[in-house]
Amino acid sequence: MERTRHQGMAKNTYMRWRLPLVCLLWEVAMIVLFGVFVRFNPEADAHWEEEKQKMNLTSDIENDFYFRYPSFQDVHVMIFVGFGFLMVFLKRYGFGAVGFNFLLAAFGIQWALLMQGWFHSFVNGKILIGVENLINADFCVGSVCIAFGAILGKTSPIQLLVMTLFQVTLFAVNEYILLNLLHVKDAGGSMTIHTFGAYFGLMVTRILYRPNLEQSKDKQGSVYQSDLFAMIGTLYLWMYWPSFNSAISEHGDAQHRAAINTYCSLAACVLTTVAFSSMLQKKGKLDMVHIQNATLAGGVAVGTSAEMMLTPYGSLIVGFICGIVSTVGYVYLTPFLESRLHIQDTCGIHNLHAMPGLIGGIVGAITAAAATEDVYGKEGFVKAFDFTGQYKTRSPSIQGGFQAAGIFVSLLMALAGGALVGAILKLPIWGDPADENCFEDDIYWEVPEDEESDVYHMHNPAKPASP
Amino acid sequence: MERTRHQGMAKNTYMRWRLPLVCLLWEVAMIVLFGVFVRFNPEADAHWEEEKQKMNLTSDIENDFYFRYPSFQDVHVMIFVGFGFLMVFLKRYGFGAVGFNFLLAAFGIQWALLMQGWFHSFVNGKILIGVENLINADFCVGSVCIAFGAILGKTSPIQLLVMTLFQVTLFAVNEYILLNLLHVKDAGGSMTIHTFGAYFGLMVTRILYRPNLEQSKDKQGSVYQSDLFAMIGTLYLWMYWPSFNSAISEHGDAQHRAAINTYCSLAACVLTTVAFSSMLQKKGKLDMVHIQNATLAGGVAVGTSAEMMLTPYGSLIVGFICGIVSTVGYVYLTPFLESRLHIQDTCGIHNLHAMPGLIGGIVGAITAAAATEDVYGKEGFVKAFDFTGQYKTRSPSIQGGFQAAGIFVSLLMALAGGALVGAILKLPIWGDPADENCFEDDIYWEVPEDEESDVYHMHNPAKPASP
Amino acid sequence: MERTRHQGMAKNTYMRWRLPLVCLLWEVAMIVLFGVFVRFNPEADAHWEEEKQKMNLTSDIENDFYFRYPSFQDVHVMIFVGFGFLMVFLKRYGFGAVGFNFLLAAFGIQWALLMQGWFHSFVNGKILIGVENLINADFCVGSVCIAFGAILGKTSPIQLLVMTLFQVTLFAVNEYILLNLLHVKDAGGSMTIHTFGAYFGLMVTRILYRPNLEQSKDKQGSVYQSDLFAMIGTLYLWMYWPSFNSAISEHGDAQHRAAINTYCSLAACVLTTVAFSSMLQKKGKLDMVHIQNATLAGGVAVGTSAEMMLTPYGSLIVGFICGIVSTVGYVYLTPFLESRLHIQDTCGIHNLHAMPGLIGGIVGAITAAAATEDVYGKEGFVKAFDFTGQYKTRSPSIQGGFQAAGIFVSLLMALAGGALVGAILKLPIWGDPADENCFEDDIYWEVPEDEESDVYHMHNPAKPASP
């Protein structure tokens, strides 16, 4: 009887026509829209030689490609290997973690090029793209990867593609409001990427609440090897975060400074994570979950302020605090959110992205409000906050206020958007797994029989029925 | 009786004197030849200060090192980690995959520096090398890594070193014919690297056909962990492919454009791979083999045209098609090639490199033939196709014709070369494994006893013979 | 009885208060010292616009960030993923290897920024940092990672943090003596990083000699999967070593040349490692320990000379020799050092860093002594060895002498420092593991129960006691 129900549920996850249909439909849409809208920007177009003369550039090295391509590649690694492998920690969901992340990110970057392009690179009816657009598309998808962390193991690939479509759209709108309407600085995306992505994902997982998820409890942990794979993700995120926070900053000192601040914040964060991981565990042993995640909170939390004159010791302080907040969150808040608020947050993105994202927004607002011409220099001050044109007369304290407003806008957009998208994903047509089949690759993937399973079978007490 | 034969075959694989001899002999040859021929080019030589004055350069940043070194490192990662780990998917051939790839690539880059140097960087009796030579050497070795994929698990390390020697030589000749005699553009190597490398490898594996390979059938699959390791290879190839296709393009817009086109093609390829992987499997589940390989076909297929004005939507279309072609190839063509044509293609390089390489050559020919001064600009047109000197009057359609010719030359060279080298490798002196020992590290490597094996032993029904 | 003793020892490793205390104390100290001393250098400061005018720079691309940031990121990967995963080879010490390496490096880079800053970047009472300081901090920590290799699995995280504090301090002093007082060139750190780090670590492990370590013998080996993880570390070290040796060289030709020389040396080293690994094993099979380690010796051994006119064939010769020396060391010297000199060197750093480091120092001294204005050019000669100011009249042979002196100073500092720090670490207050608990993550980490263990339990003959 019980068995029948399970099998009934399992049939639900049959992807053979639905998944191909969605993939092909959306890719065809991308081709059509790219055909109508997307072209190279002058620095990537074969007319560059003429452009160089117009802009009075004497060398090809002035092409934006050489300022940003190394950082772009680092960001690219963070999105695909960083986020992908960070989520491999589950013992039997490695294919889904790295594979679905690959799928949604590959689709998301295309849609993001369009959405962000319409808002930011639209010239004479065409979206003109260059390396900075690629970075921004990766950034946008980063927020989807974050949200994926909350629902990891509990959704079908179709749901992920649907979520990506909506989340990228809302991301672009929110980003436009912040960067263009509020004229807020957020180069490393504490607000636009982390706060938005995390609260969006938390809201989605709240709507998709599964009361009987404990049926998959045994699969929700890690094994020794999966924890090592996850450390690959962690380390690439940690090492390349300075590139993430500096990738789209202004050329020169701003990129340079953003990398240094992030480097410092992350270093401090490791020490407080280790301290609190040991302190909060009875036996004083370190918990891999904390090392894999909380060590990264320092990067999230300087996402807004890294390109500002936060200074190295300011960065250390931010990292110090976030290592603590994030680790404490894993120990106390995650269980609370699950039991009381019915937020089932597989990867604990509330601790790694949501809280540090909010802190990052606040640190950014304070740092902006505290800016002076003395600290930045006359030209540096204008350049750092782009106090030109209609913003010529904006003061640091006003800027700080707008920065703070950006946090709330991101939060609201995330919660409203997450509720909407969660409701859509709740429709019973997307093929999500039954409660007892969560965190299990076998539903959506051809899984090879392992040698271990051989052992299982070989010694299965049920099989070698004694004669 | 059967046992004796096996042991007899196994003795054949004894490497103790042969492998060291080949390694040392060839490395000594490299040292002598480097001593006679190889020097630094002016940008890497200590006379650079004088060179700068001669070339009227005002800054060290104009050194080619800064234009290409980040891309070089990405390509380097693709060759050693990308190809190396992509092939780790076999359950008991991980050491051989990553270790032999390491060995042949380390030897191959040295020999490639010489061979390519004689053809392209030979000045006054010396080969002058710089960062671009390093990239080209890595590229050349890439074609050997591709061929290695066809014979993976079925050859001795000596055979691989012999193959590398010959294949690098032929690669350099073929490349010289294409780039210098036919004046063909192929910056990302759809023809020189992928078509050549793949058909070369397929011919070699055809000649080395093993009728009784099914004796190793049980070892030719993957296990859960090995598939995750392989995804590391896949993702690094996928992420860094934009660097691969742009690494040796002209400074400025060409490098910039090549990266964007490749990024787009690869993104589209992921979606059609997923669509067809699910569609072609009865249960609609995704197959890791497709995700690991077919997602990369989009990079192969814009190898010739990425630096041209292919445009982002053109790239999407190419990627769209190649994801389908490659996945369909894995499902239908690979079994057909094995059963009918006796081509045993371990990694399915026919689907990942051969067909997409041909498509890439064709796309390149079409894109070149369709070029106009309007699209490229007057200067950009000449620069893009290097229509200078004796090629000043070559028209785009003629160029397209030569590009097409390049495909056939590469194909012929690959098939003829592969047949020759296959014949050499068939000699019974190289210590290749017996049919029943293929895909097994234990033949050439000291393999640690695993904990799982302990379990095996512990429960081995044969051992705890009941008293 | 035996059991009680074990439990008594085990209690000793209780980290709950000691580890958090050390981490927090030291991080607070870092914040205070950074607050007092550390500021951005002019290229990372918001005053850069004014600086540019002062220095007459026309473009942001002249910012040192663009010369060094890609190399910095490669070095960063080497320290955290390279060293971290290289040490994952132990079957049950993966968390400790990658996790403690992460911890000590994150702390070490902060302390190194201060120590090296006081010696090299101290201006008007402030340490002014930029991307070059980040690279140097990573370098300094590299020497601690090397020393960690000798004591891997036998120390508590507190001991590692204490060792890091002292070793970074001594590293900075030694570096100051070499670079500033002796005016020695050592861009890739054959002497300052490898010789110093390795002999320091060997001395520490000698002092911490454990006569009963064979109680952990069964855990001191690798398993199949852990060897594959270690190859990730190996390959990233191998691939990025050209960036390591060129990261802080002079702009232009020196960086370019250092990368080429290192590339060549490493390639040669792989072939002789393979040759000798096979030759020195009775069955002629390859040993993963050699492939994982000895292949890297070529990078260590051109650490001093790579930026000089060593030439590609000179590099091949150095790599050729070091592959042999290092492999032979693993086979013959490591057992000898353990049995006769009581040096228990877990990772064999004597073979990978100590001997190749010494060779690197010697090769550097010879290459410097052999320098001529003819080979380097008039300006290049002065630039390469910085023969300006008080060193204007120093001749190559004198320089060679000082280079040689640098080797001895590094050796002495390492041995004396290692003895001192070893003695401190021997105090019974740091919570190091008992002899039978070495090489075991379970002491300091929450380790997930594996599926294999499930199998164990399921079939544990002691448990399912037949009724």
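Details
In this document, chain identifiers A, B and C correspond to the written order of the chains, with residue numbering beginning at 1 in each.
Going forward, contacts are C-beta pairs under 8 Å (C-beta built on N, C-alpha and C of every residue); 3 or more make two chains touch, one makes a residue touch a chain.
Just so you know, these numbers come straight off a predicted model, no measurement behind them.
At the subunit B-subunit C interface, residue numbers used by both copies make up under half of all numbers present, so the two copies contact each other through mostly different positions. These two copies of the sequence, subunit A and subunit B, are related by a rotation of 120 degrees on CA atoms, to the nearest 5. Taking each chain's centre as the mean of its C-alpha atoms, subunit B lies 32 Å from subunit C. Residue numbers of subunit B whose C-beta contacts span two or more other chains: 61, 66, 70, 225, 232, 452, 455, 459. Those residues of subunit A that touch subunit C in the complex are listed here as 61-62, 66-67, 70-71, 74, 91, 221-225, 227-228, 231-232, 235-236, 238-240, 242-243, 251-257, 259-260, 263-264, 266-268, 270-272, 274-276, 278-279, 281-288, 291, 295, 309, 311-313, 316-317, 320, 375-377, 379-381, 383-384, 452, 455-456, 459. Those residues of subunit A whose C-beta lies close enough to touch subunit B in the complex are 14-17, 19-21, 23-24, 26-28, 30-31, 34-35, 38-40, 43-50, 52, 59-61, 63-66, 69-70, 73, 76-77, 80-81, 84-85, 88, 92, 94-95, 98-99, 102-103, 106-107, 109-110, 113, 129-131, 134, 157, 225, 229, 232, 443-452, 455, 458-459.
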